[in-house]
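Below, chain A partners chain B and then partners chain C, in two separate complexes.
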Partner chain A sequence: MESKPSIHSSSLTVDQQVFPGDVVLDLSKMTNQTIKLGGGLRQDGDFISVMKAGVLRFSKPNKYWVESSHKRYVPSAGDNILGIVVDARSDNFIVDIKGPTLAFLPVLAFEGGTRRNIPKFEMGTLLYVRVVKADTGMNPELSCMDGSGKAADYGPLKDGFMFETSTGLSRTLLSSPTCPVLETLGKKLAFEIAVGLNGRVWLNAATPSIIVLVANTIKQTESMSPTQQKIRVESLLQKML
Partner chain B sequence: MNVEREGGRGTNQLRPMDCSRNVLSRAHGSASCSHGETKVIAAVFGPKAGTKKNENPEKACIEVIWKPKTGQIGKREKEFEMILKRTLENICLLTVHPNTTTSIIVQVAHDDGSLLPCAIHATCAALVDAGFPLKSLAVAICCCLTENGHIILDPSKLEEQKMKAFVCLVFPSSVNSVLPEGSTDASAKSTEQGIITSLSHGVMTVDDYFHSVEQGRAAVTPLSNILKKKMQSQFASNLSKAG
Partner chain C sequence: MEQRLANSWRMTVNEKKFIQTALLSDLRTDGRGPFDYRNLTIQFGSEDGSSEVLLGQTRVMGFVTSQLVQPYRDRPNEGSLSIFCEFSPMADPSFEVGRPGEFAVELGRIVDRGLRESRAVDTESLCVVAGKWVWSVRVDLHILDNGGNLVDAANIAALAALLTFRRPECTLGGDDGQEVIMHPPEVREPLPLIVHHLPVAVTFAFIGDESTVVIDPSHFEEAVMGGKLTATLNTNGDVCAIQKAGGVGVMQSVVMQCLRIASVKAADITGKIKKAVESYNTRRALKKIKRHPDSVDVSNISKDMEKSKLKIECTSTSQNDDMEIERQSSKKDESSLRDSKPKAVIGGPSSWDPYSKGVDADELKASLASRGVATPNEKMDVAPSPDVVPPENRQSNVKDESLTDADPSPLPRAGEETNKAKTLLDAVKPKHKRKKKKNLSNSDGS
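Moving on to the complex of A and B:
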């Protein structure tokens, strides 16, 4: 997916470890190009410098970002996340998304939402939501609709079990092609999973033992290579069946 | 210029240094750092919503809590808290998460001299672990002036007590850059030569001070390389499969 950019200087450190303060791009040498910056990078005059430690990634044609794994989530628009309702006001639900501030979910941000039919959520309800606005200096805004106003899969998650992981692990679980852990587990077991980019994972299955097995496997295989993961999952499944 | 030092160290020789990230499970970011026998554990919680009283709500607020190994918090600990806070405010990007507070808890596990540099490295690593936006890493070094006028780096507790004067310096770490070497740009130069914090104690001449700054600066590049290397090895295990 990622490849070395051919246009500019070869010293660019794509796919390598970068640390805060490292200068990765010189804008004065690339005047007639547009580049898009993702998390962990900032513009400092004529340079693009790094502000978070991680691996620098590049995606064609012009996207740059720093990939890292944390226990906290920094909201960004378009992310699908799992939030917990902590309070209900007349206009908004207040939702905890593991971010620096609590997020607002407008009561009308549901499919066919009107003043007449406002959904009722108890405190502690787990919701699968989308981040719509994430500007600095204000609380992020969430929505339970996709871009065309449909409910899609957004909304409350009933039953099941939720656990917290790092943002890096949730990104791996969502990556395509499907990560080996879920692929191998999915061949033998039937379970439902919802992964939020903010490092929350929700699971549901026919029996609690399957939920426990899947949750433990996901947590244990975080620091393994794909091949190790496959071997581990297969041995676990054999023990169980 | 030979000075007898404990353990046969040279004047510019630092003690073995170790640093590991993610040592605590509940903190959002944590790290432990050791310089020889000196060891400090730092934990970062946050950013949490809201700033404390008398802080600028348009910027992020940093709160440092210093926990000594034994005993009550006194003037010395309060001073360390203040120095750490001021130092960190200079390397953190405070405008990224305005109106938030980040708590940093520094626990001294063992004090064998050069405590402040060790604490600065530990907090810096913990902030990196938490993903807090930083301008650059900070590298700290303690320089001591002996009775007979020699300057030694990274003193132990015993050496610290015998000293005429000491100075603790914090520099921004050396950075990798795509810019060509010797670029004339002002901002690149300022990071190369800047000092974030300078804390001196005892009597020393101006010449001695500048000499120790020079000595300290020489240690910046190797120190930041060690720090980065220690952090990198842990990244690799976390991110090898994500690539």
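Moving on to the complex of A and C:
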């Protein structure tokens, strides 16, 4: 414990790969500061060390956490996700969000929602929703409105095709600048895409062949480097056209 | 209730609709055509008779074991082949632990029907003594990951495991020629099963209102399909089994078309299985060649080692016999020269227990040593026994120590060997062995 490996300054490790046992912060050097730790980090005396492999993230003013790729989704407030309606109760819709527990979507959490106009969803409807509450020991709560009470883009997704990926891939698809796969595909093909942070991706296009192509390309290029992705996508497109 | 909802896998309305609409233009969600099989990979474990089959996302493990049992009364000269399958909850959240579900039973039955009722495995060659001992071959199929089309993958896993399985060779011996002697794999090469032909299962799914036919349905397609048809065929085009599940009606012409496609696919898959098995066999043979120089080296280390090896071979069958011989020889000595411990030597082989009476053997040795008339013959007999002697008792005599130290290397090995071989091997003739031992010790002494 005494002989720690060389401590990088925090600005170096942020947005870099970190591995279990890495020390990312030295608290003795940052007195008069409060920091918040997220998943994958823990305090060892005066040091903050990493507990899982991933990318260290920092958000102003003081939040640190480690991001990695999973098959399961851990809900966190503010995430935009894709859920599947499982059951309808009098107060809530029960929605599967790939998390440890099912989530509740209150029947009134729609734009202009009142007791009179409760929407009707078939079992298995795909919804684009926002996580409102994700407290421990409770089922997460969802909403189909943005902060100002508008429907925005939330709500049921019709037609198209949904497939599941890892949470890491869905995050890269959402990253800006646009990830090379979507950028290259988007130049040649027209399609609609909705990506949930819980590792679900919904696609829609004019013909099924485009949907199948885009879906499989996204799945296959997950473990490739950006240049490899570009080459792969271009060769695929040439074959098709 | 909620937990059950959380554990079950669900499909969205969008996916169901899309799979059906895409099929109208001959497209499947994974980019295959309607009659394209997924990528098939066959792997083998380190042991004979274990296989792992990957069919796209699907992963099935097959494992074959055998046992000597009494045959069924109505078929006294035929061995048996039984198939068991296990659905791990790890493969799919909908599989429950414990009692096999409906689908697990169906899968087992289809594979069983294809393999057993087409007599793919020669059961008559599994007979050892008609009416008494036959080999019972058991195939265990473990579903490790469910990516759809478990039946085909399980069937291929069973075939691959059966083709690489080796059963120990056994012969008849004993006084009446009716005792079964099982030869360990080091002594005689284990025998493969006789497989006459390879019945390969090919599954078709019927999806949508028009009952579009697709081969090798994936997990998603299985959730949408109205029915499925599994045909088990071999390379000759013989239909070994056919199973149609689900409510949808299928035209006769469609079934015939399926069978034609299936026979082509079956030939294709048979080729893949044979190729994989062949490469496994060559690897296995290579491994044996590598092992050979090893054993030569060991035997060349010293004359002692060689001697001990020979000894192991004749004592390997059981400690029991060895001890018996020892007792007999020492008994003779004692009765003729001195009856110092008459109680220790009384007791036939039936009441003899190698563990509880280990001390007696030591006492015997001690008495022999004190007399100082230990012949080479006795030395040889005594040597392997100290692994039954408690260490504190060993200190009792210096001579005893020197005996054990003469060749320390074989002791642990002898112990291993004897502990391993216990059951049927006890039947080996003791008389013959004793003779061998005498010869050996005499040549050593001279």
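Keep in mind that, in the parts below, the second predicted complex is superposed on the first by the 192 of 241 C-alpha atoms of A that agree within 3 Å, B and C clash if a C-alpha of one lies under 4 Å from a C-alpha of the other, contacts with A are read in each partner's own complex, and residues count from 1 in each chain.
What we mean here is this: contacts are C-beta pairs under 8 Å (C-beta built on N, C-alpha and C of every residue); 3 or more make two chains touch, one makes a residue touch a chain.
No experiment lies behind these values; they were computed from the predicted model shown.
Enquirer: Per the contact definition in the header, classify A:Asp44: touching chain B only (first), chain C only (second), both, or neither.
Expert: first
Enquirer: Applying the touch criterion given at the start, work out whether A:Lys71 contacts chain B, chain C, both or neither, answering first, second, both or neither.
Expert: Touch partner of A:Lys71: chain B, not chain C.
Enquirer: If you stack the two complexes on chain A, which partner ends up touching A:Phe19: first (chain B), second (chain C), both, or neither?
Expert: A:Phe19 sits against chain B, while chain C stays out of touch.
Enquirer: Name the chain, either chain B or chain C, that contacts more residues of chain A.
Expert: The larger set of chain A residues in touch belongs to B.
Enquirer: Quick check for you: in the superposed arrangement, does A:Gly124 touch first (chain B), second (chain C), both or neither?
Expert: So A:Gly124 only meets chain C here.
Enquirer: So, A:Leu102: does it touch chain B (first), chain C (second), both, or neither?
Expert: both
Enquirer: Between chain B (first) and chain C (second), which does A:Glu164 come into contact with in this model arrangement: first, second, both, or neither?
Expert: neither
Enquirer: Would you check which partner chain A:Thr136 touches, where first means chain B only, second means chain C only, and both and neither mean what they say?
Expert: So A:Thr136 only meets chain B here.
Enquirer: I'd like to know which partner A:Val212 touches here: chain B for first, chain C for second, both or neither.
Expert: Only chain C; A:Val212 stays clear of chain B.
Enquirer: Which chain A residues come up in both lists, the one for chain B and the one for chain C?
Expert: On chain A, the overlap between the chain B and chain C contacts is residues 101-102.
Enquirer: Given the complex with chain A, which residues does chain B contribute to the contact?
Expert: 27-29, 46-49, 58, 91, 93, 95-100, 128-137, 172-173, 175-179, 185, 187-188, 191, 228, 231-232, 235-243
Enquirer: Touching chain C in the complex: which residues of chain A?
Expert: 84, 86-87, 94, 96, 101-102, 122, 124-126, 157-163, 202, 207-209, 211-213, 215-216
Enquirer: Along chain A, where are the residues that touch chain B in the complex?
Expert: For this pair, the touching residues of chain A are 9, 11-13, 15, 17-26, 40, 42, 44-47, 51-55, 67-72, 74, 100-102, 136-137, 168, 171-172, 175, 222-226, 229.
Enquirer: Okay, in this complex, where on chain C does chain A touch?
Expert: Residues of chain C touching chain A: 2, 5-6, 10-18, 21-22, 25, 27-31.
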